[in-house]
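Labels run A, B, C and D following the written order; every chain starts at residue 1.
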Amino acid sequence: MQIQETFTVDAPPTAVWKFFEDIERVARCVPGVQSVDVLGPDRYKVLATQKVGFISATFEMATQVESKDPLKSLALSSVGKSVKGAIGNLRSKDRVDFEATPEGGTRVTLTSEVAVGGMLGALGHKAIVSKSKEITEKFAQALQAEIRAGEAGR
Amino acid sequence: MDKLPWLGASVKRKEDDRLLRGSGRFLDDVEETLTLHVAIGRCPYPHARIRSIDVTRALGHSGVEAVLTGQQVVARTEAITALRPFAGSAPTAFYGMAQEVARYEGEPVVAVAAVDRYVAEDALELIDIDYEPLPHVVTVEDALRPGAPQLHATVPSNVVVESTVRAGEPDRRLADATVTVEGTFRINRVSGAPIETRGVIARWAEDSSTLELWASTQTPHLLRAQLAHCLRMDETDVRVIAPDVGGAFGLKIGVYPEDIIAALLAIDTRRPVKWIEDRTEFFRGAAHAREAVHTLTLAADRDGTLRALRDRYLIDLGAYHGPLGPPLLTNVMLAGPYRLHDADIHRRVVLTNKVPMGAYRGYGQAESNYVREVLVDRLARRLGQDPADFRRRNLLRPDELPFKNVSGVTYDSGDYARGLDLALSRVGYETFRARQKESGQQGRHVGVGMSCYVEFTGYPSSAFLGRGGARFGAYESVTVRMDRAGRAAISTGVSTFGQGTETTFAQIAASLLGLDPADVAIHRGDSKGTPYSVGGFASRTMIAGAGAIEKAAGQIRDKMLRIGGTILGVDPAALETTTGVVRRRDDPSVQVSIQRVSEAAFLGYPLPPGEDPGLEATAYFDPPSSAFGYGTVVVQVEVNARSGEFALQRYILVHDCGTQVNPMIVEGQVQGAVAQGIAAALFEELVYDRDTGQLVNGTMVDYFMPTAADLPVFELDHLETPSPVTPFGIKGVGEGGTIAAAAAITNAVCDALAPFGVELDRLPVTAESIWRALAAARAKG
Amino acid sequence: MTVALLVNGRPYERSVESRRLLVDFLRHELQLHGTHVGCEQGVCGACTVLLDGEPVKSCLMLAPQAHGHSITTVEGLAGRGELHPVQQAFRDAHALQCGYCTPGFLLGAVALADRGVALEGAALREELAGNLCRCTGYQNIVEAVERYLRQAAAGRRDG
Amino acid sequence: MKPAPLEYLTALTVEEALAALARFDGNVRLLAGGQSLVPLLSMRLLRPMAVVDINRIPGLDRIVAADGVVRVGALARYSALEASPVIRERVPLLAKAIPFVGDRQIRNRGTLGGALCHADPAGEMALCAVTLGARLRIVGHSGLRELDAEAFFQGPYTTALEPNEMLETVEFPDGAGTEAVVVEHARRHGDFAVVSVAATGLRAPDGSWRWMRIGLGAVADRARYARRASEGLAGTRLQPADVTAAAARCLEEAGPTSDVRASAEYRRHLVPILVERALEDLARRR
């Protein structure tokens, strides 16, 4: 299922793009993230725990930058399996699009497509549908806060 | 030959006593000491490359004896062969385990053998598998799209096989016909879903260095042949035993990957190895069925004479060619019971990243009946004719049979119109049509729908199958042996999975030997000690089995008459066997017990000169041609035109399966098949998410098998037109009930909503699908 | 941990792993194979046994939960002697084919008779909706249970 | 699949249960009926370190009518509620809803408390609790607290219960003399609802309805009390116009999602139809 969140930041695209180049900081905005390790250029290992109702699972994901179009868009893809809690695996494609706004800020559109497989996918389907929306919303809010903090600090 | 005493008798079943007491012996009830239990790790993705498997932690887990990976399986075994491949099918190497690439969610990737299933599953979680998900396709349309991911290098553009069957001049007929209708129909992917899942126990017999395999199977001998081939063993060194089987419905035919896995683990560990399929594995491993997309065209003249048929259809095969293969009878039975000489049937079998497809009660006949009978109703409506009248005009008359249909098979006998009229009279069709207009006012719409079918039962001959490349014959075989107590024992390779063969076989043998069925024991399902057998499927067992028993028991009866003649000093020609004795036909007081005769055979005295001792015969019977049952289903529904909700008010089936060996068992088979027909028509569907490629409802909670509260009372009636081409005029009956349900219900709903011009063209029929069809009809205006 | 319970009137005491499902305990610890596993997801009812006289799904209970309770399985109906009236009713009505779901239905019907309810038709079908059958289409099962409940009710009246 | 290893504890008192809950830093589950819990253990979706069997705690399954309310213990089995004259007369909505839950076997073991804590958005018990405005008494180390049903349910399978708390009693208003109806569309008998509507009200002597409470199930991330629709019917005689207005208001409260049982659009289409069906059923009652 595909979910989209949009928010604007009153920092110019150049600043926002600079933030997004630091994938580690981006990954830290993922709700429930515990650790982010660099595996190689544009490849990361992200450990994140998600709680859906009573089901909880800790996913170890290999995240990869699929495409970078400076100041315009960034695409990531992740594949992972649960290492603790409910058995399941996760695939997600996340795309971030940037657009300068007339007031000099940047409109950021986050599009993510999450597929949860294995037992968790089969049975957690009902709960996951509403949960993914919440995860993406929180991810967007965390990004927004992180960018603004970065801006203020500059 | 006077009428056989036990033929047509509703004898209570021999199988019942042990099953009712709970002392039936199903696969998981077979327990041996030192047995290891297998848990199988399965690919969670619809399509993925397996980059690495690390089993070290699992091997170290206490209680784990062995771990098996795809690399070992592929190295040590052959790919699974297909029992009934379509001619010209491209190979899809289906091994016991995926090695580099897994092609459907659920494909085995690793297996653990441990002291018990709980420990084996704990160990599975310690195995790290690095998957690289690959692009997938879960619809036939996506699989055929240019640039679609190719599942097998050996199968260009994902089309395993393509075929065309033509008869007459379809193109000219279609062009000349005054009325043509066309429809595209989507048939749902379903599962036979017996209450007992699959299971296997493999044991390496050290003493005889042979492999013993207990399996929940309908075809012990075919499984034995296929498994031996996969394991690169001679068939002589493999024995398959089918204990009681908890339902099968076509899904437990042939060898499965798990049989190969269990066998390898047993050979490696030198201990019995048991795998019991749990229900989530079942929905991702046991054969799925029926999914197809048909674009059908029918043409008729102004007066309602059916002229031609053209069908373009795609079968969704799943990721591999399974142990049996896709349904073949869709092609063969598409024309149904109608007088049609011109047809063009084009079929493509397409690969998708889903569980491989196999047979399910009807093997293509429910699919072809659905598309034809729904379009026949639309054609009749287009011509302004009553659907019943249109059918009466086009149904083959008894005098036109035997009739060779457009696909080349010959219907033997039957009175198709009488079946239709009988069913319509039960629903009070004439008066119904009148009342229907008046009751349509308050938003409640009542409709009657019908569907006529001819059913292909049994195979026409081993030659027919052999010419088609089948890896099994059409015959069946039995060994009949008397014992000193004067009782008989039948040894058959046909296992017991609910169809009542133990009882019906005993009835036929008893009738021929002059015994009571209670005096006929049945040894079944064990490839050791039974003659080569094909097994229980395709509504063939009764036909072929009865023929084999007739020959074997006949030989024994004749020998008993000769021995009786010697003991009584009477010409054997004047004797008969009946009620446990051999006696003079014209003077019953001159008699000798069958027990005494049997004892003579085993003492070797007194015997006619030159007669060998013993009273035993083995016989094979190859049916000369298949028999065609037929019938009509008439359904009455009431539909709420606002919500789409509907009630199945009446379900009437009139069928003809020729001579009935045991009417009680026949009725049970028909009721069970009707229930599965309604289940696939209204409730069940295996749903794959197109984006993620995953099976969305792979549990019993979300796969809606109907309960007793979901099904109506079925009103059954039958005609009995013996077949001229089978032993005792028997026709198969196991599958008939499933064939016409979907079309009859669809036609009834469309009839109820005729004022709105509603057309339904996908299964299952649900309240939501009716609501959407109503909205579509309104949009069309 | 140890589990002490009555099964078909006989006392048993076994040590059992706390995670073991009750149905596995009955089948593989006590070798009572008449209770069957169809789904382990609480839907098919093939694992139905009587717990203190009431039908429950033994795949939905952990073995330790049965401590101190009395369980009836299909093996407790007839033992080695004559068939129980409910078994005879199923035999007479051809209410079983493969027999895998039959023990679950038999015990459900016995509990109904013990509650003294002579249900029939739609009400009975709802009461039996916790047991799936794939072979019979339910019609003969409903008839068999109807006949058995009428017999049981009559038996109570005369007894 | 088989459950992962776990410890099995038996609590004989509420205090013992709470003590056990505190021991495994939240990674522990209470085992009452187990009809939802055990399949989740078998499929290893839930992997608690321990389960605490509370079935042997005496007095937790009582059904008591007193001072204007009916108190039902969290361990009350569905079958007991189904057979209870107190429930039939004083909480008729519950009596009407229970036959929709699972099947006889499940109702013999499943408990009211277990259903409410499981908090399935399509669950009939949660629907009744919200529709009736039940109060839930929760016990924890820091003593007792009470919550309205609407505050108790917070999302799909998510409630206000803290890891070391336990639901003890559910208090329903005494509904003696009220009328009640539950209408549900499901794909199969005993299945989770595609859409479910609960309605209950008290008729005044003059035939008008003093109050009416409508609840909607399976059309949001939790059971929903349709406040505006309910309040709009107070004092009316459930005339067709009143019924249609209430149905439209209920639709405003619904925010269904799509799943294998039905699409969101079809659920939205069904809401007013089932609300009208429920209210027409009550209107016909004399």
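The rule is short, and it goes like this: a residue touches a chain if its C-beta (ideal position, glycine included) is under 8 Å from a C-beta of that chain, and two chains touch if they have at least 3 such contacts.
Given the structure is predicted, the values throughout are model-derived calculations rather than measurements.
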item	value
Chain whose average C-alpha position is farthest from subunit B's own	A
Geometric centre: closest chain by C-alpha means	B
Between subunit D and subunit B, distance of the C-alpha-averaged centres to the nearest whole Å	43
Gap in Å, rounded to a whole number, between the CA centres of subunit C and subunit A	51
Approximate Å spacing (C-alpha centroids) for the pair subunit A, subunit D	36
Centroid spacing, where centroids are CA-atom means, of subunit A and subunit B in whole angstrom	49
Contacts with two or more other chains, residues of subunit A listed in rising order	87, 119, 123, 125
Two or more partner chains touched - positions in subunit B	118, 278, 280, 696-697, 699, 701, 705, 707, 709-710
For subunit C, residues contacting two or more additional chains	17, 19, 40-42, 126, 128-131
Listing of all chain pairs that touch each other, if any do	A-B, A-D, B-C, B-D, C-D
Contacting residues of subunit B [partner subunit D, same complex]	117-118, 121-122, 278, 280, 642-643, 645, 683, 687, 696-697, 701-702, 704-707, 709-710, 766-768, 771-772
Subunit B-touching residues of subunit C, taken from the complex the two chains share	17, 19-20, 27-28, 31-44, 46, 73-75, 77-78, 83, 87, 90-92, 94, 96-103, 106, 122, 125-126, 128-142
Sites on subunit B touched by subunit C in the complex	12-13, 15-26, 28-29, 31, 118, 192-197, 244-247, 249, 276, 278-279, 496-500, 664-665, 667-669, 671-676, 699-701, 705, 707-711, 713-714
Subunit B residues within the subunit A interface of the complex	44-45, 105, 125, 131-133, 280, 689, 691-692, 694-699
List of subunit C residues in touch with subunit D within their complex	1, 17-19, 21, 24, 40-42, 45, 48, 51, 54-57, 59-62, 64-65, 108, 126-131
